[in-house]
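Think of it as A, B, C, D, E and F in the order they're written, each chain with its own count starting at 1.
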Amino acid sequence: MTIFIWISMIVVSLSMAGLMYRVFKGPSVPDRLIALDGIGVMLISAIALLSILFDTRFYIDVILLIAIISFIGTVSFSKFIERGEIIERERHH
Amino acid sequence: MSVIINILIVITITVGVVFTAVTTIGILRFPDVYTRAHAASKSATLGVMSILLGVFIHFWYNEGLFSIQLLLGIIFLFVTSPIGGHLMSRAAYMAGVKPTELTVGDDLKEVVEKARKESGSLKSEDQ
Amino acid sequence: MELLMAILIGVLFTAAVYLILSRSLLKVILGTGLLSHGAHLLILTMGGLGGSAPPVLDKEATNFADPLPQALILTAIVISFGVTAFMLVLAYRTYGEHKTDNMNLMRGNDEHD
Amino acid sequence: MRTNDVILQTTTKVVFFIIFLFAIHIFFAGHYTPGGGFVGGLLTTGALVLLLLAFDLKTVQKALPFNFVIVIGIGLLLALGTAAGSILFNVPFFTHAFDDFTLPLFGETSLHTAMLFDAGVYLVVVGSAMTIIQSIGGDA
Amino acid sequence: MINLLLFPIIIPFLFAIVLLFFKERIVLQRVLAAVGLIAALAASLFLVYTVKQDGVQTITLGSWPAPFGISMVSDMFSALLVTTTIIITLLVVIYSYTSTGEAREHYFYYSAILFMVTGVNGAFTTGDIFNMFVFFEVLLIASYVLIVLGGEKRQLRESIKYILINVVSSALFVITVAYLYSVVGTLNMADISVKIAEIGQPGIITVIAVLMLIVFGIKGSIFPLYFWLPGSYAAPPIPVLALFGALLTKVGVYAIMRTYTLFFVHQTDFTHGLLMVLSILTIIAGCIGALAYFDLKQIVIYNIVIAVGVILFGAAQMNESGLSGAVFYLLHDMLIKGALFFLIGMIIYVTGTSDLRKMGGLMKTHPSLGWFYLIAAFGLAGIPPLSGFIGKLLIVEGAFQADHIWGSIVVLASSLVVLLSVIRIFIYAFWGEPQALPSVERKPYRGMMVPTVVLVVLSVLYGVGTEWLLPYMTDASNVLLQPSIYIDAVLKE
Amino acid sequence: MEFVLLIFLPIVAALFIPFLFKRMKRIHTGWFVLAVPLVLFLYYATYIPSTMDGGHAISELQWIPSLGISFVSYIDGLSLLFSLLITGIGSLVVLYSIFYLDKNKEKLGNFYVYLLLFMSAMLGVVQSDNVISLYLFWELTSISSFLLIGYWYTRDRSRFGALKSMMITVFGGLMMLGGFVLLGIMGDTYSIRELIASAPDFVGHDYFTLALVLLLLGAFTKSAQFPFYIWLPDAMEAPTPVSAYLHSATMVKAGLYLVARFTPIFAFSEVWVWLVTGIGLLTLFWGSLFAVKQTDLKAILAFSTVSQLGLIMSLLGAGAITFHSDDAVFKFAMFAAIFHLINHATFKGSLFMIAGIVDHETGTRDIRKLGGLMSIMPVSFSVAFIGSMSMAGLPPFNGFLSKEMFLQSMVAIRQFELFQFDTWGILFPVIAWIASVFTFVYSFYFVFRTFAGKRKEGQLPQEPHEAPVGMLVSPIILGVLVVGIFFIPNLVAKWLIKPAVAAIQPNLYSQPGDIDIHVAAWHGFKSVELWLTVGVIIVGALLFISLSKWQKVYGLQPAKFSLNALYDGMMSFSEKGMNRISRFYMTGLIRTYMIYIFAFISVAVLVILFTQDAFVVDMDSFAHIGVYSVINAVILLLAVCFVLLSKTRLAAIIALGAVGYSVALFFVIFKAPDLALTQLVIETVSVALFLLAFKHLPALKDHGETVKTKMTNGIVAIGVGITVTLVALSAHSQKLIPSIAQYYKDTVKTEAGGGNIVNVILVDYRGFDTLFEIAVLSIAGIGVLGMIKLRLGRKENSDENK
């Protein structure tokens, strides 16, 4: 079982490394953003697997947390890219 | 019982890992931002949900912990991932990232251009 | 492990100091960010990295990581968050008033004559 | 060019509560598992930021008519008050008290004055972070 | 009242919080700030009395035994510093009524002052090295707010530098604490002292000692770490400058004195030798600066640097005279710097400039200001029987006893430079042909005069009444001289 | 009665002066003031009988007994003499000033306050037995002198002179304080009497000579000895009564007093004898030489004062020889010193007053414009003549007597054989004689150029006439004294001089009556000093007659090489030079200051690390290296590189975020879930803040940093990095004492009622930290609010941009 988790870990890590390449290479900002979002998601997987490996439940909170902040991050970045500001004072519809 | 559970765990995690790997390949190999977003938001979400499911089962059966957080996490990801993907793609479009030449149609173009004319051109990034 | 961490921390400090010495206001701010990261990692390292379980009472785990440095880091993180936020706003206000972010143009000592 | 955010806004209404609940959970769990006032507070801030992202400053201010400086004040008073309570009993400042109670719904729970203190921390974090964000966001 | 020693910290804190609720009500803010400080003053005076009667007061927060919880320790040294801090702040607040301007008062000016006092008093009182860091941060961030509040161009520019330096020094502080924790495994200052004694101060502790010196030296502005100070301190309005000049550097000095008398006492040849060399260089550097400028603020600011050098020189002697001289001089300097900044604030208010060469003949129009300035100037220069004298006398005596002849002579000679620099202000501003003055209101002037006079009179009394103060000073220096008093008080069962 | 309080009588009186000046416009304030010195003079005079018998009186007022500091008034022959001079001359000066200063034009309130302040200070100096209070009064004389010289503060010269005198005398005072402290350490007391008693015990102490030199610096600066005399001529900007009082009769004699007072302690030292005698003689010579050069009446007097002070100083030094030799020839010196001190006070006081009268009545003090006033101002001339002749050392005036004794002592010095006086001793009489010649010349120069010769019509600003009677009273009294003392020297000696001498030389005399010195005007043809005097008169007369021919020689001395130029140079260096030095390193650039700081940190720490053998790396203490950590470390490194290299601000911000997240991962790896949670959230909020503020932020530019700057920055940065790393390794390898953390693990459940140790530490064990850490956050919050909302700068921009 442990070996299986290890292997999974390695695959996830490699995936992250791949995405890292996309983050560095770009070419456009949204590309990086998408890759980063992917990394966030994979981080969740990695930590979930780590919890099994370390045999501890204290990282589970971290999982949800990363999900949340990665969502907030994604939203704010997209808004930022789209509009140049992320919080508007007053919206004109 | 535990064997079955373990097999279940292994399967879900394997599926997740595979999807994860696929995501990466997609993001690396697809030609433009929109297709990459497609890969990221769909398969990545599936992958991580699957892995989380496996971990959830693991904790439930092997550790005796019914983790609400994990469940919540799965739901959360399920809800938010598509939104994120949507927002990112739209942002890319609005920021003027060119789609690949393979793109067949662009329905949004007309609408956007019309709106742009009305509200003045979007301030471009300083970079 | 501590060796690796020590070197890493050294790199963080080097980068931070380098940025702080630069002329661009934004780089200076980035530098302070790196500086605090380096400091936090250092505290963690100084507490020893050998613990095998998080310092949370659970089951039969006994070999906890040293909780005290962690508490210190937590305090330090929050403080540096406050300071960073403050500095960020200060930086952009300064930029706004001075119309430049070149630290070289923000010379003091007007009284020096 | 303005685009509408209907999708985002709709989701946000749901997600906000998920995050908020999670924040409360993290806050309460702090004494026994990782978490606590800080993280709880910051997560709540995150939820509020999400609201700000999806809607706009004015709308959010209308929906949540807090003056966050006051929130800071209340938080600090709460924290200080909890700590200073011990002065009344002439024991050293910050001496906490706790006991186990059986409460309906929660079951076996330990009530701890440290929790109250942590609530102060929570409020201060939310207040400060929101003050900062609103100030910057409101800066033309 | 086992919590007594916390009151001077908690009361300003409480009032600072309460002020947050009254952003728009300036009058109420003013009153509350003053009330809070008066209450804190009462508490601190009572604390001094208690310490005098019962010896060092300690409390370990949360009822945890000593090295595990945070200990707060009030020996005579810190009790006196705390009291002086509150007195000066109270006067600064009163001075601010008429000199700060309502715009700043709306934006939590008094709150920030009270927070800063909280930090300063906490730093003076705490017996835990990391807690000291936290209090440093409190006072620093409050000082950031104060220095930048108003957002004038120059304020912003200098604030960046000020904050940057302090962020760096804070990071250094943290890592130094980390190093120390790694070696001795504890944070309680008394406990650290015990443990260092146990292991006999090996080389690594000496390295940490030097790091500490650097960390606190940046705040306390010693050579070669003081360079940022003159520019930054000149930026904020006068009351804030007075507060900074009187209090902030002193916290660094206090920390150096505390650590160098409590922790690093086993290799004094090296550590204290270094401290002494640096303090002499600090004096010289300060002297150069004090003479180099024709700007009122700069002259007095550089005098802060000189004073820091003198105090640390006294502390580096590690004998009774030197240490009690340092304590004496430290308190004197807080009072007199406050007074001087008040005075030059009034001069600037009256003349509308801080350039000496544009002033003259104020003696004709503002004679009382001139006299009080002259008294303060002589007090600063250590002319007996004013406040600076006894401290300097004891420091010089201590240095001679410790065979540091040239250092003492430099200290003596620095008095001349100090005198020259402040008398130059007198000669330029008060003597000479009267210059045309901008028309200013008389009322704020009177409002500023009251706290100024009080502070000058206090400083005079401090000098004249040395005999009554001496028992307190002796208590203060005894604790510094014999760390065991401090340690026993904290680690008592 | 506690007569120590009388020292403060003038100060107390001074408190009422401004009031009197304001309310009693019709009466000249001076009349009230006059009472003070007069009463004191009469009071102190009552001590004469007791001191004549060698008695003394002590009165003490405690100030800081714990440190052995108190006000002790000790009246013996020496201090009584000075007290009488201070109050006596003081009375005359106040009387004089009543007529000199116009009550309607001058700010008499201030003037008399300063004067009374000075009087107290001076009484304190001469009566204090405690060196610290002596120092106190000493500085008070400097301060009151500063205020008096700067009395007409709108005049540039006044301010210049005031500052100069204060700088030099305060410098001396500070050095003297150093000497006192050393004495206090050596003798373990601040009391002069006790010091004198224990002096033999510490003569050989390491600090003895240093204390001596420091003390002499005080004395020399105050008494305007070479090379410190330069302040005295400039001090003449003070109103003339002040010059007469401070700068001739009293304050400048404080240095002499000090030397006399400490003779019993320091006379044991060779250095003392050489310095005091040598500097005294040099000053005598120098002052007399340059007095002739002056054209301002008061400047001539100032230089003559310098010269006369030198004379007395050299006598004091010669008097110290008696501590080494029993030979009776040396006993004259001390006697002569005191005698001349009295005489000088009388004749110089009167001369100053006359100079003031001339100034007052003619409107100028320039000797080139004066002349022929004899017929218009006969009384003034008479007094001036008496004073000058006394100064020149001619009979029948008191100066003659003491001058003779001076020459006698200088001749005697040749016979002293210790301290290499046998080789250099011959110089003493020679210099003394030359100086006497010049003294003769300037005395004549002063009186005859002013009063004799032809009147120079039209050059005087005012029509000259004789001064009012009131103004003449004081100089006449002094003139009478000048003559009177010549005829009753031995009576004066018995009352005043011998008690003083006995106080200075306790080793020789147990009481004043033992002094067997008899002053006589005539010593017979065989006496050397007679012929010396004759020589002085002949050569002096020749020189005076030919004065106009050789006075030009003074022009040869380039102004650049004078001591004044040195002082001016130092003062200008203290402004401009310091400014230049300061400009050199105070660049105003934060980068420079940071480089100082960082360079100091890395150099200091690294040097100490290696010199103190603190550098230890113990590989065994390190935890094993984990795979994830290595991966994460690589990620972190990459992210850091990105922060450094990124060209756009967005990329930099993202990279910084990446650093933050990988730090969070480290927290995960190193078992710190709380930290990981917090770091993650905080990093997100931080990045959000950056994005929020993005539109306000500047773009990333390097603003033309050269490769050289970058290199410097890089080197400094690497230095800091290495320092941090090495110290970290050493600190970690020397975990000498186990951490206290175990306690938390043991008690967290049982006593704190929690499970998450970190959180419990935060809210309970170290909750205090947390309380103030949230305070930091709150302050940051309100600070940001204030910074964004409050913008006073907008208004001022327009000004600055002009």
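One rule holds in what follows: a contact is a pair of C-beta atoms (placed from the backbone, for glycine too) under 8 Å apart; a residue touches a chain by one contact, two chains touch by 3 or more.
From a predicted model like this one, the values you see are computed outputs, not experimental measurements.
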| item | value |
| --- | --- |
| Set of chains whose contacts include both chain F and chain C | A, D, E |
| Between the pairs A-C and A-F, the one where more C-beta pairs touch | A-F |
| Most centrally placed chain - per-chain CA mean versus overall CA mean | E |
| Greatest separation from chain F - chain, by CA centre | B |
| Centroid-based (C-alpha) most distant chain relative to chain E | B |
| Rounded Å distance, chain A centre to chain E centre (Cα mean) | 49 |
| For chain B paired with chain E, centre-to-centre distance based on mean C-alpha positions, whole Å | 57 |
| Distance from the mean Cα position of chain C to that of chain B, given in whole angstrom | 32 |
| Euclidean distance of C-alpha centroids - chain E vs chain F, Å | 27 |
| Residues of chain D touching at least two other chains | 2-3, 8, 15, 22, 26, 32-35, 38-39, 43, 46, 49, 69, 72, 76, 80, 93-94, 96, 125, 128, 132-133, 135-138 |
| Where chain F touches two or more other chains, by residue | 579, 582-583, 586, 588, 590, 594, 649-650, 673-674, 676-678, 681-682, 684-685, 688-689, 692-693, 696, 699, 724, 728, 731-732, 735, 739-741, 744, 755-756, 758, 762, 764-770, 773-785, 787-789, 793, 797 |
| Chain A, residues touching no fewer than two other chains | 29, 57-58, 61-62, 64-65, 68-69, 71-72, 75-77, 79-80, 82, 84, 86-87 |
| Chain D partner contacts - residues on chain A that touch it in the complex | 57-58, 61-62, 64-65, 68-69, 71-72, 75-76, 79, 82, 86-93 |
| Residues of chain D touching chain A in the complex | 2-4, 8, 15, 19, 22, 26, 29, 33-35, 39, 43, 46, 49-50, 52-59, 133, 137-138, 140 |
| Chain A partner contacts - residues on chain B that touch it in the complex | 6, 10, 13-14, 16-17, 20-21, 23-25, 27-28, 33, 36-37, 40-41, 44-45, 47-48, 51-52, 54-55, 58-59, 63, 65, 67, 69-70, 72-73, 76-77, 80-81, 83-84, 87-92, 94-95, 97, 123, 125 |
| Parts of chain C lying in touch with chain E, wherever the complex brings them together | 20, 25, 28, 32, 35-36, 38-40, 42-43, 45-47, 68-69, 72, 75-76, 79-80, 82-83, 86-87, 90-91, 93-94, 97-98, 103, 106, 108-112 |
| Residues on chain E engaged by chain D in the complex (per definition of touch) | 1-3, 6, 10, 13-14, 17-18, 20-21, 23, 59-63, 69 |
